[in-house]
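Order of writing sets the chain letters: A, B, C, D and E. Residues in each chain are counted from 1.
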Amino acid sequence: QPVTPIKFVLDWKLQGIHAWYYLAEDKGYFAAEKLAVTIDQGDGSAAAVTKVMAGAYQAGFGDVNAIIQNAVAKPGTAPVMVYMIYNRAPFALIVKSTSPIRTLKDLEGKTLGTVAGGAASRMFPVIAGKGGVDAAKVKWTNVAPNLQEQMMLKDHVDGSAVFSVTSYMNLVAQGIDPDKDIRWFHYGDLGVELYGNGVLVSQKLVKDNPQAVAGLVRAIHKGLRDTIANPDAAIAALMKREPLLNKDLEKRRLMYTLKTVMLTPEAAAIGLGDVSDARFARSLIQVQEAFELPRVPTAAEVFDRRFLPPLAERKVAAP
Amino acid sequence: MGNAYIQLSDVMLRYGGGTIALDHTTLGIDEGDFVALVGPSGCGKSTILKLVAGLLRPSAGAVIAGGREVGAAGTLPGGGAHASQAPRLRIGLAFQNPTMLPWLTIRDNVMIPLKIVEPFRQHFGKKKHGDYKDRVEALLAQVGLKGFGDKRPWQLSGGMLQRASLCRALVHDPELLLLDEPFGALDQFTREELWDIMQTLWMDRRPTVLLVTHDLRESAYLANRICVMSSRPGRILETREVGFARPRTLESSYAPEFATLVQQLRMRIADARRDGDATPPAAATATAASLEEVAA
Amino acid sequence: MGNAYIQLSDVMLRYGGGTIALDHTTLGIDEGDFVALVGPSGCGKSTILKLVAGLLRPSAGAVIAGGREVGAAGTLPGGGAHASQAPRLRIGLAFQNPTMLPWLTIRDNVMIPLKIVEPFRQHFGKKKHGDYKDRVEALLAQVGLKGFGDKRPWQLSGGMLQRASLCRALVHDPELLLLDEPFGALDQFTREELWDIMQTLWMDRRPTVLLVTHDLRESAYLANRICVMSSRPGRILETREVGFARPRTLESSYAPEFATLVQQLRMRIADARRDGDATPPAAATATAASLEEVAA
Amino acid sequence: MTLSPRTRQRLLSAGALVGFFLLWELACLAFGVSDLILPRPSQIANVLIDKMSLLWPHAVQTLYTTFAGFVLGVLAGIVIGVGIGSSRLAYDVTYPLLVGFSSIPKVAVVPLFVVWFGAGTVPAILTSMVISIFPVVVNVATGLASTEPELEDVLRVLGARKRDILWNVGLPRTLPYLFASLKIAITLSFVGTVLAETVASNKGIGTVMMIASGNFDVPMVFAGLFLLAAMGVALYAVSSLVEQRMTGWAQRKTDMAMA
Amino acid sequence: MTLSPRTRQRLLSAGALVGFFLLWELACLAFGVSDLILPRPSQIANVLIDKMSLLWPHAVQTLYTTFAGFVLGVLAGIVIGVGIGSSRLAYDVTYPLLVGFSSIPKVAVVPLFVVWFGAGTVPAILTSMVISIFPVVVNVATGLASTEPELEDVLRVLGARKRDILWNVGLPRTLPYLFASLKIAITLSFVGTVLAETVASNKGIGTVMMIASGNFDVPMVFAGLFLLAAMGVALYAVSSLVEQRMTGWAQRKTDMAMA
């Protein structure tokens, strides 16, 4: 069987949350599946989706919600997710703990920072609706991802709509205690049922080389499993790749992500990589409403569980 | 209209600014002739040289050089369709203002024609450090610039630049030599030395020479014919044959006939200046017909 | 060493390239005098003018103009500490190569001194469209450039540019007039007209004039004294007083004494050229002592 | 049918422009290029026409910001360029600093501005200014340094002060250099503004493009790029006109050819 | 103790540079600027020293990429500049397209390159090239357009072909313009490379800065900026040396002053 080359794009620059890919590579899991995987850094979890759509990559680590949008706009060309990694979408609102904003209701008349066109602000009406807040009364300011916390700390905005996993570690790195100094509103706690990032592949790869897809998913899964078992080894693999990284910080990032968005009770129940059909169907509708999509795509257009290893292998204990 | 080697036929030249420098100007020069052009400042002498050199295009009329029409009136820039098939003349032009390329040494400036003009061009790569360099050094030495080949243009005095510019006009053995006050910035002695060099060169190789000068002695010393121009718009008022035997020497230039010729020319130009623009073309033609000859 | 109005005392000038243009050069000019400087091409005449104008700094020796040391030898650029407190002379300089600023019209070029030099400067804003413009137009008309004030420099012929450049040197009524072959590109008649204009101007206002020229008749016609220079490195070989009564006329220039003076000067320069660089400084000084006078 | 050379020239240029877009359109169709990567001009035109009323205020904002930054940048550039061009010390100290600073992508600097001045117009103007200074400095300094000393002598002999010479010779002589640098500075100004708008702003083409790219609306992103390009060309045309007025003396070639 | 003017000059310049950094350090300390916003030079120097062995390969990658892009860009710029400078049609068609294209932030273009050529060195070289073309084009075209016709006449009278004139008059006359544009192009080249590295690459200063900024390791980000600046200055110094060799004729002012 010939070796299949696969170009794989990450959602962001190298971070602790990418450790399992490098662990898989180091342990030869890709090679064992006769895959030659090249991992490139990326510049956004949505951008990863478009890069695969455009054909520049066969696979990537990206946002399922971006796949949903594209599945409607460009049926047939959008990639499919074959292994869900973030069981919860990491959207959250943050305000300073000294802020007068204590409930969602207090947000009316306030200005929030957001990444231009970012999912966190687009999903806001969903939590607003559930909390009885008039979403139209909230003003938004577009801010680059790495400035969201600082703009809030400097009071240029009253709060920010962020990726919790990114923002938490950003705050840590900036010498802020994210648990004490910051008040968090996690979308997941406020009725948003979206999933987050996972492994996505092009439909072409699924059609032409399903064994390769299965192999890729198996290898990544093993890498993730080993990472959960031994995070330090995973971080070591990552550090070998890029010695400039801050080891402790990346470890903490990895652990926080595992804890908050990956190893959820639902994941413990259905296993790593899978989705709950009922919740996934509801999330499709939430995305359709938030982004005003002309139709709700079918789950099959977006997620394909055929390549998942058996459930037994995917079972992990919630930490 | 004539059909000489160099022929300006009823030429009009209007510059961009609207100035009409030449109007109904007609002038013929035979192959191998040595013609001097004299006339008041601003009458269009340099303009005639540029027309013959093909640097300007007549607004009306025709300019022929070596059997080839130089930029017919009204043709578009670059539109060479009207140009006849005769091969281009090998021209040497010493500009009134000795424009040297400032990024080249004097030697390299003088060498430019050898780099551009056939048949020298094809051997340039091989010979630029050998034969050609020697040739240039010899020329520079002849005009008193020995050892200045490595200098830059701005390191030379006005007169030295003018001499270097003359070398550049001569270096490629031109068939047609156009000289615009080539000795104007030189002292009398350097000037007279160069007259002799010019005369020897002309007698040896017989290029066609058109010399613009303000020095009437110079024109009488060097030329076979002297054309006197009117004020702007410049027309040829009169053409004087100069019959003195060659080689002419400084002694011969103190002969009474010589002085008479110079004096007559002086008078003629004085008239020309006085008439100025007023002289109608018809009258000019009439005067031009009354040629006088001074026998040697 | 003398202490005249303009005084070069044992000046040496070495250019960047290493050329020594002047060496042990000494020259004094009294206030209100009219001195002509003649000598072979490249001997350092323009260099002397630039030294007096303060455009160059002597490598050794001193240059004094109007009681003020012009750039003492060896001082750093911009180091004005050595300069004496005498006010700067109002200088008019006609360069050998009539450098006009190409972005200005001829009128504006001629107006430059009025824009820069006190006391004209302070009224420039008010008068540039009135008095000053009239003054410039009058000057231009005097040299035969009426109507060319609006042209750009490249739209003028060589001789016309030279005349415009002369206007620029005169427009601000300078105390010291430095003229570098100002009539070289002009025909004899235009030239003689300008001689008369110059003479009248000098007799009216008595500026100090230093005129570089190759035309010995011109020097004899205009100057009170004529300094003959040696070949490079240029030294003053001889100074001739010119005693002809003023105003001199063209007729007077055909007088025998005039011709004799010109002939003597010619011989002197011929010598100078022959000796060239060989002449040791001591010998030069000796010759300079043997002054001859020609009475009017 | 005969056309004046001028009209023919114009038609030819217009034709070439149209040809360029046609080629683009056809290439996209022929190679089946996804509009996620490179939309066809016709798609972009569609967006531009449909959404013009929405895009317009953003375009105006960007144009205004860019213009302000450009003018400030050019002024600062001239001042620094004159300083560098006339003092050896300024040259030795400022040039390395400027080159170093200019080698830094401005994206790295914008956050500083944003954190100091908040999101909005101020950081955009600042970025636009900062990014457009360097080309002006370089060209002005080079122009001054290569001014022919003969031209300066015309004034020096009159006892002109340094400032007179600068004003009457140095700067006019440098105008062709300056105008060349303006063309470069204009385009950089736009880049700077959009950059800053991308980092933090609620208005402007940069914001539009960020939102559109978040929506995977690539034709809209390209519509933004188109507007930028069009505004760039417009500002360029203006400066080109001024240039022709002011530096005709340096380009008299055509004048000669007409003769 | 007397110093040669040259040495004094050098010392003064070095002193001014040191002063600049000292001022920065002190200002940061005085105003208590957080190192998250603007680290002090000493912190940056620390990072540079500690991590030099790790940073080095990235710097080499960026330098190599930039140099390749710069050379290609300059060559392309000269060719296009000559074309624009010598043909009216090329001028009318190409200039608006170029201005338009240059007004677009290159971030928008890099993804196209990445899709076509994959992540890595190729898009970085391309970006670096594309971004550095325009200044060269503008300056070369301006230089050619402002060449004195008198100088060209020297060759035209000899029946020289257009190419001869370009080669012997146009281009040498344009060298001061060209070298000015090189200074601009060098800095833009670096910006282009780093931009592309930020978007898609696994190596280079751009990547380092993105990784560091992801960790809010601001001193490290600034260490990257410092390296960029230093490399920019180094390349500038090289081109400056070449310039002095080749365009001394245009800057003979000092020559006169020495006399």
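Worth a mention:
Assume contacts are C-beta pairs under 8 Å (C-beta built on N, C-alpha and C of every residue); 3 or more make two chains touch, one makes a residue touch a chain.
Since the model is a prediction, treat every value here as computed from it, not as a measurement.
The set of chains touching chain A and also touching chain E is given as D. When C-beta pairs in contact are tallied for every pair of chains, the largest tally goes to D-E.
Across the assembly, the mean Cα position most removed from that of chain C is the one of A. Chain centres here are Cα averages; for chain C and chain D they lie 49 Å apart. Taking each chain's centre as the mean of its C-alpha atoms, chain A lies 39 Å from chain D.
Chain geometry summary: the mean Cα position of chain D and that of chain E are 17 Å apart. Residues of chain E in contact with at least two other chains: 37, 111, 115, 198, 247, 250, 252, 256. Touching of two or more other chains is recorded for residues 15-17, 97, 152 of chain C. The set of chain A residues that touch two or more partner chains comprises 54-55, 146, 150. Interface residues of chain D facing chain A in the complex, by the touch rule stated above, are 34, 36-37, 111, 114-115, 118-119, 198-202, 207, 210-216. Within the complex formed with chain C, the residues of chain D that make contact are 150-151, 153-160, 164, 168-169, 172-173, 175, 247, 249-250, 252.
Looking at the complex, you find that chain C touches chain B at residues 15-17, 19, 38-42, 45-46, 96-97, 144, 151-152, 155-160, 163, 180-181, 184-191, 214, 216, 266, 269-270, 273. Every residue of chain A that touches chain E in the complex is listed here, in rising order: 7, 9, 12-15, 40-43, 47, 51, 54-56, 146, 150, 169-170, 173-175, 242-246, 249-250. Chain E meets chain D in the complex at residues 9-10, 12-13, 16-17, 20, 37-38, 88-89, 92-93, 95-97, 99-108, 111-112, 115, 134-135, 138-139, 141-142, 145-147, 149, 176-177, 179-181, 183-184, 186-188, 190-191, 194-195, 198, 206, 209, 221, 225, 228-233, 236, 247, 250-253, 256.
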